[in-house]
Every structure is written in structure tokens, then in C-alpha cells.
Amino acid sequence: MKFVQHHVLPWRLLALPAQARSFCSTSRRLEIRHVSELPSRTKPSYIQSPSNTLLSLQWPSPPRNVLITKKKRTPNITESVVEFTTHIRSTYPSINVILEPESAEELHEQLPFPVYTYHRGDGVPQHLSDRTDLVCTLGGDGTLLRASSLFSHVASVPPVLSFAMGTLGFLGEFKFQEYKRAFREVYMSGAPDTYSTLSDSMGANPPTLPTSPDDPLDRPLSYADIRGKAMGSNRTARILLRNRLKVGVFGPDGKRIGGGDGDTYALNEVTLHRGSSPHLKIIDVYINNRFLTEAVADGMIISSPTGSTAYSLSSGGSIVHPLVSSICLTPICPRSLSFRPLVLPAETPITLRLGKKNRGREVEVSIDGNTITEKLGTGMEVRIGGNEIRRDARGWEGGVPSIVRGTNGKEDMAEDHWVGGLNALLKFNYPFGDQEP
Amino acid sequence: MKFVQHHVLPWRLLALPAQARSFCSTSRRLEIRHVSELPSRTKPSYIQSPSNTLLSLQWPSPPRNVLITKKKRTPNITESVVEFTTHIRSTYPSINVILEPESAEELHEQLPFPVYTYHRGDGVPQHLSDRTDLVCTLGGDGTLLRASSLFSHVASVPPVLSFAMGTLGFLGEFKFQEYKRAFREVYMSGAPDTYSTLSDSMGANPPTLPTSPDDPLDRPLSYADIRGKAMGSNRTARILLRNRLKVGVFGPDGKRIGGGDGDTYALNEVTLHRGSSPHLKIIDVYINNRFLTEAVADGMIISSPTGSTAYSLSSGGSIVHPLVSSICLTPICPRSLSFRPLVLPAETPITLRLGKKNRGREVEVSIDGNTITEKLGTGMEVRIGGNEIRRDARGWEGGVPSIVRGTNGKEDMAEDHWVGGLNALLKFNYPFGDQEP
Amino acid sequence: MKFVQHHVLPWRLLALPAQARSFCSTSRRLEIRHVSELPSRTKPSYIQSPSNTLLSLQWPSPPRNVLITKKKRTPNITESVVEFTTHIRSTYPSINVILEPESAEELHEQLPFPVYTYHRGDGVPQHLSDRTDLVCTLGGDGTLLRASSLFSHVASVPPVLSFAMGTLGFLGEFKFQEYKRAFREVYMSGAPDTYSTLSDSMGANPPTLPTSPDDPLDRPLSYADIRGKAMGSNRTARILLRNRLKVGVFGPDGKRIGGGDGDTYALNEVTLHRGSSPHLKIIDVYINNRFLTEAVADGMIISSPTGSTAYSLSSGGSIVHPLVSSICLTPICPRSLSFRPLVLPAETPITLRLGKKNRGREVEVSIDGNTITEKLGTGMEVRIGGNEIRRDARGWEGGVPSIVRGTNGKEDMAEDHWVGGLNALLKFNYPFGDQEP
Amino acid sequence: MKFVQHHVLPWRLLALPAQARSFCSTSRRLEIRHVSELPSRTKPSYIQSPSNTLLSLQWPSPPRNVLITKKKRTPNITESVVEFTTHIRSTYPSINVILEPESAEELHEQLPFPVYTYHRGDGVPQHLSDRTDLVCTLGGDGTLLRASSLFSHVASVPPVLSFAMGTLGFLGEFKFQEYKRAFREVYMSGAPDTYSTLSDSMGANPPTLPTSPDDPLDRPLSYADIRGKAMGSNRTARILLRNRLKVGVFGPDGKRIGGGDGDTYALNEVTLHRGSSPHLKIIDVYINNRFLTEAVADGMIISSPTGSTAYSLSSGGSIVHPLVSSICLTPICPRSLSFRPLVLPAETPITLRLGKKNRGREVEVSIDGNTITEKLGTGMEVRIGGNEIRRDARGWEGGVPSIVRGTNGKEDMAEDHWVGGLNALLKFNYPFGDQEP
């Protein structure tokens, strides 16, 4: 029995696996289980079509393990999570719901089925990425960023379906009202048509739990099990692979700092910043292992195209479409009149090093708005590698596969969400005049 | 008979003064008269109060000669001009209406009283500035700029009351719907209270024309003649003296170019621009007669604080409050990463010179959006002097005295218009988010 | 006899082909011949290597027809052209020198061999692109842009070797002093090693003219003919394929304007600008055939990454590395506080249309600094398609294949030129302080 | 005996006044005395001349008490301080040298005369501003800012003479090499000519110490005592009164926070910043006590024109000449595309308030690069009043009177230092091109 309850979290109900099973029969609904009990992950493929710059999501078999993350400390979002999980669980009974530890604790008593979770140990749990087929986020951009950070140490992130709650975010593609349709589209994406004609009763009869005596977790589901109309093979969900940045922090001796043996992935950006020191910092910037420039500034942002509309934009960067394979270098309040933001090829290796001139001054390093180290000192460096998206025989891989709105039949509308976001959210080129003062 | 009809304009009805008089008796309404027939100008003073950064308008006697300019080629503005002039003429019968030549021609048949105008000869007519007590503009910023250009060669501009028609402009302070109240406020501004208590009948009885057998034009009116309630001495109209720039164009020999023996005043800015030449221009910039920098750019803008929200803003300049005594230097598309806009003291003399490096390339010079010369060549220069506003024993003088909204009793609201304009018109710091995409 | 002398150019010596031949024997040096007499073009291929983001130039057989363009009206560049052509012609006797008509006229008397040229008829000559194997430019960025414009109607541009003369340009990679080595590197690029070991005598003996009785123009040369040491197969010249923009201008009826039946290619950018009209223009911007925004501005720039350091930079655009497959949209002096430059995928189709609101105002359209139409009026539109670079079985194609400095053995140095240009030419992030005031 | 030695500083030699006197006779050179022993301050006046925008420094009698501040931890500056103080003390024997506590401790043993200092108690010592006639700084901008902070609670700052050491600062006007001449100019500034003709021997004879048996500290010196040539009355030192900002921090209850009963003055700026919190802050901005906008940003800078070339510039602000009576409002990394820097009249009261939306998030407040509070929480506000410079019957007052270079006979050169700084230090509009890559 390798699984040991973590002492920090007061999970009265997170039993050891064996106990959980037995406990199960009496009071299933109050149960919190561990993700390691789940069947292993179903990986979709992402197929390119000549007519569209976005990719098609294609499940080999329906997704079963769905991680749901939500914005914290917002009561009405909690209600929505209950509604949402209840819906997907009753409509697609073979689905298993994974929640973050806090949410599991907060919600499991309201949910008439077991929820799965993990321990927030030191670092991000490997278990989670081994089991999660699909991620759904309910909140804003911050919630999506947090969800993405749960996979910041793994190369293969499950597809992410985001719902904006109240405040629209720039990255959240769907409105919560659309959740039934949106989830269905994603769930069925890539299902063969034959199945879809067979199973045509959804909506009329309430779905029943799987009757198989075997634990349904033990076998992969086929689309034939699904009570509902499939979407047709060309009604697949559209995927935007959002490139991430690979980030490593190294000491003056060239050794990796901060534990772990691998890089961390950033969805928006990695930022070096003076933090609460009121003084300018001096950061040497290398691209392709060659010296580019010495930034004397509050800090530096290295962002993905996705992050170009986040902090980089506030610091004067250009807006870069997420499909432009690139990496952006934007200074924060540089003490120079001539430091213009740069857009480099996504593959460019970038190193930011704290030179000797800083004389003991330190900077803070953050990834996607989380400070990872507060003390980057002289001689230390952050190394960033851009392009993690790659194409091989089986299709595309890497990045955060984000499900994008606007598919059904209107293939060419697929990119609307970005332009829509520019205009509606960023108030891009907002017109002058006319309103009453 | 000193007045000679100008040959260019086909004014069938602009009779010689003598004829005009006789014609008068039969068909007054069809008449166009010449401004030189008007009594000479009544100049107000502008008084500073300790509690307010704006000045108070104080007429020695009521204004009589009112110039009205309107946006061109906009039918519904024409109607508004008829309504407006009819109102002021019937409420304040001693007022004489001056129109620009085209408007006079277009409107005089609809107006039941004579209108005055001038000849658009070469240059701006001196007559006009000698007779105009008050300017009213109906249109947008462009209309106000055009009105101001009628006084671009004189040091003392009459106060300007602007009405925004439809499209709100940044400089137009009043909505047309407010015209009765706004005009009254300006008209009565500075009138002593004693008069105001005497004359209390306005609104009830229709005003009658002055009964004096003498032409009322021959004597200054007193406020006792006015049928209406005065505003009280502390309900004066508030004036913002908008600083102008003095602009002169000089040849390589140091001689003034473009005729005239004096400078031209700009309200927004003077611009040097490559125009339709597709090449960069090289402009040497001198401040305080000392070399500052060589601008390699599309052009240069030297603007007043008023103009800081016009072309200069589009070119990346800061927004400067009109009460900051300053002059702004903003490059247009400079071929330099380090050319930041400058804000200099209003008194700073600035010279823009076309250096030898341009090898025959020429630039265009515009003032407030009107091209004054298309061919500024090598060795030629534009000299700009900033501060024309001065204070002497009698109070403040110079600039374009703009009547500003929001006085009655709420003295401290007086500056609202600028902040209001920033937010409502320029969409300054327009908030992100939340609207439906 | 299909070839007719063009009446505009006073080419006394541009004889008809037949005559030229006969004339040849007596006074070869004074001859100007027509490019159509040249053997047809040798197309190189561009090979990708895993270790380098730049491509390798690979000639199937040595280039023979070399077009040389030079900066105009600059006497010392003329001398350099004489030196350069004399060198390549004597070292590589099978090379034929093509000059632009003016240069041919100006120089042919100083050159001890025939020069080839074309007629500057209406539009860019097809002949030229059918014969030119390699382009060499002597001048600055403007000279390279002019050379590129000679191929602005063809899909396949010959490789371009640029020499900076005096003023370094941002696009000109080589210094003129390096011309022998640089040309040799390009000439030999991709030559098999076996040949190189055979022919080892260059430098010692003066090269002799080909002695074959047959006109050497009639057969492709092999590297065995070359007297000189080859560079080794991994010492190939490095190629940066600079993406161009495909530009078409269309009337309100959707018909192509401006003659020709095809698009024009831009290397830097296509610009719409108010030109000498002093008023704002209103340009509707569509991307992916969907409305993006209405630009109220002096104009709009659509630029390639190469052009991101040209006009777009002056207008506030980001600096985009030429290897980022993208297209930049930068407004010129927009009347909006919130119009930030955009970087879009290179494939994005963009349409700029003059909407009805302009009421008769027109804009000028320029490509790479040349005005192509001065009167784009209401309802007319410019359509831009970005990515012309494509990869097929034979390798890469499209764009302007620019030969880039810094190869020999130091493969990874290959991108230096861009970073070098940023720092040395654009004064990117130029450090503050320290110098004497 | 009111003066008590401060326990923190290990001043072995800072004796009580009585002891100091007696100690004096034996070993004057090792002595540290307290500033309260000095004669009270001599205040100069600042006279405006019609021909110059700068003011003339006019001492009623020669300055005696000179505070010298130096950059910390920089050995060669320490040497320069020794050289400088030794020079002024021997040339102008009635001068008393005041040092900061650390410098006094470090240097007094190397100086052949007593030095005066103060206790760094809680807050800035009132004693210091009551005694200091003149401040000299040796270092960079940071040193001047620190010197200015010693007077950040008093309305009347002594004139400041700054020497740049090594690294030129933007605010440091003189090179150290010029110190003899520069100090003399300041010392003699405003001395009547009669005296100057009398005392003509300086340079030839070494100056002798005053022979009067009375302590020279007890009587004001006249210029007749000075051995040296006066500068002539029109060779006065030129003064730029650098406006400061008055800053107060208030709690949600409207009570002043942070002790003290008065405002603090800032020379560059007051900054609100998120510090090491990685999240956006929401700051409500009021001008003239009316809501202007809600800044969602890293922070806000309110700067003087002097500070416009400091942090504000790095954050995208315009460069404002120090003689423009204004206050600049510049956001730091605002989450808005349309937040442009503002330049407001110097008198404008500005309030920055942390609104409820921040939900517990706090910001840091700094003045001139020193954090004054790390925890500005919800409901708290910073109030800034701009213009402290005023003119009354006796001349100009307020601000930091900065001695500016470039006077002798070339009056009109006086403003050079600012333009010089722009070009040499800020690399304003640094030209493109030409250098070798």
C-alpha cells in the first residue's frame, strides 16, 4: 500500500484505497478517492485539415477522467461546479470527476458520486497527469493558468475546455451557459458516425449507471455506450495548441536550482522583476547563446504569443497571434529610450543572467504570475527554450491544447475568438468620440 | 465710399453701404451687409479669482457683434444656425449677426434680419477682428479651428462659445440643446446685479426691437436695455485662455516667406510633414537658438497643450492639460528608437530647419490641419514662439479665450470638461473586459 | 526580328542580336547586349540542415548570369562596380554581367567585356527574371529594395548578395572590402569536393578566357571549369529566405486595378497613407475576410518581418526576427489610444478597404517606398496575402533568398548579422550615461 | 545641556558641546561637533532677470555652513571629499564643514579641522536645515536625491551644488575637476563689485586663517574678508528651482499615517507599486478632488518635471523640461491599451486611493527611490500637492535650488545642461546607422 495520506490536509474521508472500496458500498457519495485509482489516461490526437489553421480533436475512445478546476473563493462558481459535474456524470456515466484537493474537500458532500483528487505534496503530482484525459476550468484566465500549472512539469497536457464565469477572460472561450453543448462537442469529438446513428435516445430517458458487474473503470469505453447523438466526424472540437516556454533556473555553477530534475513550462510568460527592491536591475540577455543586450530595468518578460496579451502587453509589447510560432522579449520599465520589444523565432534559446554589476541586488522570478524564486542573485541565470510544439507521424503534440469556440459547420469562424477577444476584452482600437461626457 | 465689392464672390446682394441702407426699408431680410458697417469691437476683460484656475469673462457693455461659424456641407447644422441666430437676435435685439461669406450667401434669405459678412480676399480680413465681439461655432473641433484661423493674424481673439453638433468634439464645450442658457450666461457675464433686478420680464413678453430713433449700432448698449434676468456677478462665464503658437516661415536668406508681414497663430499645432513624398525627411531642431537634434522622420509636430490631444497624441505624445504653460515637440514616425516627445516651457523659441542632407527633398507645412506651404526646401526654416498669453495691469490677454462649461454655482466643477473629454471622447484608460464578445 | 530598340533610352550601342555578334569581334568592350541573348536561368536549391535555421545554397552548376544593381548618383559606387565586375568576369570568365539600363549606359565603355541589359518598358521585364542566376547589389537598403522590385512580379527571385557601400544598411550583409571572398563563397556554394581538389591553381595564374570555339553561353558550365579552390561542401553560402507580401489593388467592382494580371510582391511593406491630404483617413481592416477594426489614422502599414525594422518600426511596431513566419499590422498615427501593433500568422489574408465614411478622400498606396497609386478611393481595397515561402520535395522556395554573412566553419554564427544590425545600426537598447555632455 | 549623544552611532569623539570646546585646543583636527553649535543659517535670495529664465543666486553675506554629501562605499569619492573640503576650508577659512554621520565618522581623522554632523534620529533632523547655508554633493543622481531627502520635511532647502563623480548623472551639473571655480562662483555669487576690486590677491598668496581672537562663528562674514577676486555682480551663479511634490499618506479614517505632522517632499516622484506581490493593483486616481480614472496596473508614478527623466521616463512618460510648471502622472505597466501619460498643472491636487476592489492586496509607496511604507491597504490614500514654488515680494522661494552650469558671460548658455543631458546621457534621438556591426 504505497499511498499514504498527507498530513497537512484534514481529509477525514480520503481513505486508503482498500478501505475506500469497502466504504464505497455504504456511502458512495461522500467519498474522496485518490487519482491513482483511476484508469490510465486516454490521449487524443490532433489532426490538421487543409482548410483550417486549427486542429481537430480526435479521441480514440471517450474521455473518462475529467479534472475540473474552479476560481477560488467565489460562491456562485462553486454552485456552477456542482451543476456541471452532476450533468456530465449523469449524462456520461463512465466519467470520473477529479477535483483539486480544496475543491474536493469543499464539494464532495454535495456530489452524489465519488470524486477523485490528489495530494498537493512538494511539486506538481505526476499521478494527475497520468490519469487526466480532459481538463475543464470554470473561472477566468487565472483559473486556466492555475490548471495549466498543474501540468507545468509534463510534456503532454490534456486538452482544456474553459468556461468564463461572470468576468470574461481573454483565454476562456466558452460561456458557462453553453456548457452542455460544449462538453458534448468535446466528448464526442472524433467519434465515428456509425455509433452516432445507433445511439439516438439521449435527452428522453435519464441515463442509467453502467450495469456491468466489472468496475467500468477497468475497460475503455466505446462511443457505442454513449446515449446520445454523435456530432458527425467533421463536427470535431477545434484545438489551438498554445505553445509553452520551457524554463530552467541555474546557479553560477551551472547547476539547476529549485529542486526537480526538469524544466517548468510557462503558458503566459516567465518574468524577472525587481520586486520590492526599489532599484534598477541589470539583466544580461543572451539569444542563441550569444550576448544580445544588457537590460537595465525593473525587469524582463519572456512571453509566449499567448502571453503577449498579458503582462507583456501592459509593458508595451505587441499583440502576437497565438498561431505565430514565436517568443516575445519585452522589458519592464527599461532605463533606455531605445529598448523596443522583440519577437523572435519560437525555437530561440534565451538566457537571462544576473551580471556582476548588480552587486548583490536580487530579482524575483515568476511563471504565469506565481513567484518561483524570490532571490535570483549574481551569476544565476534563467534559461528559456521556446518551441515545444512538434509534429510527428501521429500528428501534433505539445503545448496546452485549448478547445476553441465556434465550430459547428462554420469552420472558418474558428479564429473569431481571438479577434473577438481583442475587440471586446482588450478594447483594441476603441473608437473615439460621440458618447456623452 | 471706401468699400468695394470683391470680384471673386458672386454676391448679388452685398450692396454698397449706402444702397444697403436704402434697400433696408423694403426688404430687410434679404440683406447682406459688410462688417465694416458695424460698430467697433467691445473687448471684454478676463479676471482671475483666487478660487479658480479659470478666468471670469467681464464685458464692459453687452457684446453686439457676434460671428457665427458652422460646419460645412451639413444640412441639419444649417437649420440649427437659423434657429440659433433667430433666437439671439430676437432676445437680444441689439445683436448683429456676422456670418462667413458662404454661410451668409446660403442663409440670408431665411433670416428676418440683415447679416454681416466680409470678403475672403487674400489673407484673413482685418475688418473682421476689428468688429467681432464674440464668436459662436456650431460644429466640431474642425469648425472651432476654422473660426480660430479667421483670427490667426491678430493678437486679440474675441471669446469663443462652441457648440458641438452631433459628434462631440474635444474642444466643443456645450451641447447645442443648451444654447439659450449658454448664450445668456456669456452675454450677461460680468453684468452688475443692479441691472439684473430691474429687468425681470424675459421669457414672458416677446422682446421688442429697440425703439430708439437712432441706429442702435451707434451707441454701446448697457445691460439696462436687456430684458431678462442677469446672472449675478459671480455667475460669470468661465474662460480658458488657450495658448497659441506664433509661426513664421523664413527662406535661406532669413526673409519671411509667404507674404504678410507678421506671424500666423496656430491653436493646435504646426506640422512639417513629408506629404506625398515617400521618403524620410531630415529636420534640424533648434531650441533657444541652439541645436537640439536632427529629426529623421515623416515629420515634426510642434503643438500647444490644446493640440496635445490632436495630431500629437496620434503620434505618441503625452496629454498635456491646457493650463500647463508649455509647448510640445512630437516627432512623426521618427527613424530612431530613442526620440521621445518633449514638453518645453511655453516661452521656448523653436526653429525647424531643412538641412542640406535633404538634397532637394521638400516638406509640407501645415497649421491646424491647413497646408500653408507645400514646398519647404533646403535652408528654409519655420520659427515658432510659444507663449502669447500675458498678464498686465488690465488682466490677462492673448490666446483663444474659450468659454468653458459648468459654472453656475459649482465653481470647482469648472475643469470637468477636460477630464470629461479625456474619458468620454478619448476613451482614456478605457477599462478592459466584461462586455460580451 | 522581334527585338526593337526602345526609343526612350539613347542606346547607340544596343544593337540587334545578329549585329551584336558581328560587332563583337572588333570592339567587344563597347557593347550592350540584350538579356534575352543570355542562356536561361540556373536555379539553385535551398537545403535545410538540422543544425542551422538558415538554408544552404546549392547550385546545380555554377551561376553564369549575374545582375548587378548599384545605388544611383554616387560616383564612388560606380568605381566599385567597375572593380567588382572586372574581378568576377576575369576570375570566372563564364560569367555574364547584367546591368540596369542606366548603369549599362553609364558603364559599358569602361568595361572590357559586353554587358547585358533590358528595356525598362511598362512594368518589370519578364526577360530579366528568366535569365538572372544571381543578383549582386552595391549600395544600401534602398538599392536592395530596388533590386527586389525588379522581381516584384515573379514568384522565384534569384539569390541576392548585398554589399554595403559606405553607409551600412540593415539589410546589406557584406562589406564591399570582402567582395572577392564573398562572391567566391556564393559562386562555389554546393560545388562537390572532387572538383575542388582538381582545380587548385587560382590566384597563381591569371585566369584565361574560355578558349572553346563554341560560344560558352550555349552550354552549362561545370565546376571543373573553374580555376580555383572550392569551398568544401559544408562551406556553403547561407540563405535567409525573406518572406514577401503579395499585394493586389482592387476597385469597388472587385476588378484588379493598375494593369497587369497578377499581384505585386513587397519585401518590406505595403503602406496606405494620407499623403499630402492633411486629414485623417478611415481604413477598414479585415483579416481572414472578417472585419477586424476601423483604422482612423494617417495610414496603415502591412509589413513582413523584414520590414518590421523599416517604416513599421518608426510607427511604433515591434521588431520581428525575419525567421518568424508572420505579418505585421502597424497603424501610422492612429486617432485612438488603443491601437497596438499586431503580429499575425504569415498566411493571414488581410484586406484594407476605403470605407464610405471617407467621403471622397483618397489615400496613396506604396510598396517598399514606391508609390504605386496615388488615388485609392472609396470602395477600393488592397488585398495582402502573406506567406509565399513554401517547402516541397525539392526544398524551399519563394521569398527573396538573401545571402547572409558569417559562415565559414562557424555555422552557429550565422544569425549574428541580425543581432549585429540591431545593436550597431538601430542602436537597440543603447546604454545611458557616461559620455561627456 | 540638552544635547545627548545618540547610542547607535559609535562616535567616540562627538563630545558634548562644552567638552568639545575644551578639547578643541589640543587636537582640533580629530573633532566631530554637532551642527547645533553652528551659527544659524544664511538664506540667499533668488532674483529673476528679464534676460534669463534661470534665477540669480544672491547671498546677503558669504555662506558659512556647508553640508557635503557623498556617494557611499566608493573609495575614490572619499578622497575627493578630503581634497574638496580641504580646499574650501583653506581658501574660505570661515567655512564650516558639515558631513553626514557616516562620513563624519569615516573622514574626521583625515581632516585638519573640525567637522560638524547630526544624529540620525527618528526622522530628518531639524537642526540640519536650521544651519545649512549650502549643500555640495559628490556622486551621482542618487547622491543628490539623498541630499534632498535630508530636507524632505522643510520648506526651504539650501542651494545645492552637485559634482558628478565618474558616472555622469542627469541632475549633476558640474564635473569634479571644475570644483575650485564652481565653488568660488557660488560662494561669491551676488557679492558687490566694490569688494571684488579690493580683494585681488587670491591665487598668489596662500590664504591665511582668520586672525580675529573672537570665534569667527559668532559674526557674519562680509565679502571684504574674502581673499580673492569677486565674480562681478552679473557673474552670479544660476539657480534652477526644481519643484518638489508634497506627499502625505492617509488612512481610511482620513488620519495621517506614518508619524510626523507634516508632508514629505519628493524631488523626483512618489511611486505606488505592487512590489513583490505578483498581481495587478487597482488604484483610484482623483485630480482636483474629482475621480479621474481607475488604474489597473503594476503601479502609478506621480512625478515632478525633474523626475520626468527618471522612473516616469522608463514607464513611457514624456520628457518635461524642469521649468514647465507641471506634474506628471504615469502608469506603470497598466492593464489598458489607452492609458497615456498625463501632464497636469503643478498646482493640481492628486489623490491615489486603494479601492475596495483590491480585496486585501497592498501596495508599496516610495519617494525618490526610498520605500516609505510597504503596506498601503484598502481605503488608504496618498495625497500629492504639486506646486511649492512661489514668488513673493522678496523673490522666489521653495523647491530645491539647484546650481546650474554654464554662466560666465554666456548667460544664454544657461540651459545647455538640460539639452546636453538629453543628448549625452539619455541618448535622446540617438542617430541610426554607420558604425561597424
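The letters A, B, C and D name the chains in turn, as written, and every chain counts its residues from 1.
Note that in this section a residue touches a chain if its C-beta (ideal position, glycine included) is under 8 Å from a C-beta of that chain, and two chains touch if they have at least 3 such contacts.
Since we're looking at a predicted model, the values are computed, not measured.
Averaging Cα atoms per chain gives one point for each, and the point farthest from that of chain D is the centre of C. Of the two chain pairs shown, A-C and C-D, the one joined by more C-beta contacts is A-C.
Centroids built from CA atoms put chain C at 44 Å from chain A. Look at where the CA atoms of chain B average out and do the same for chain C: the two points lie 52 Å apart. The geometric centre of chain C is 58 Å away from that of chain D, both derived from CA atoms. Residue positions 313, 334-340, 423, 426-428, 430-432 of chain D are each in touch with at least two other chains. Chain C contributes residues 53, 287-290, 292-296, 305, 308, 313, 317-321, 323-326, 328, 331, 334-348, 412, 415-416, 419, 422-423, 426-432 to its touches with chain A in the complex. Residue ranges on chain A touching chain D, taken from their complex, read 271, 275-276, 278-279, 297-298, 311, 313-316, 332-338, 364, 366, 369-371, 374, 426-428, 430.
By the touch criterion given at the top, residues 167-168, 336-340, 417, 420-421, 423-427, 430-437 of chain C touch chain D in their complex.
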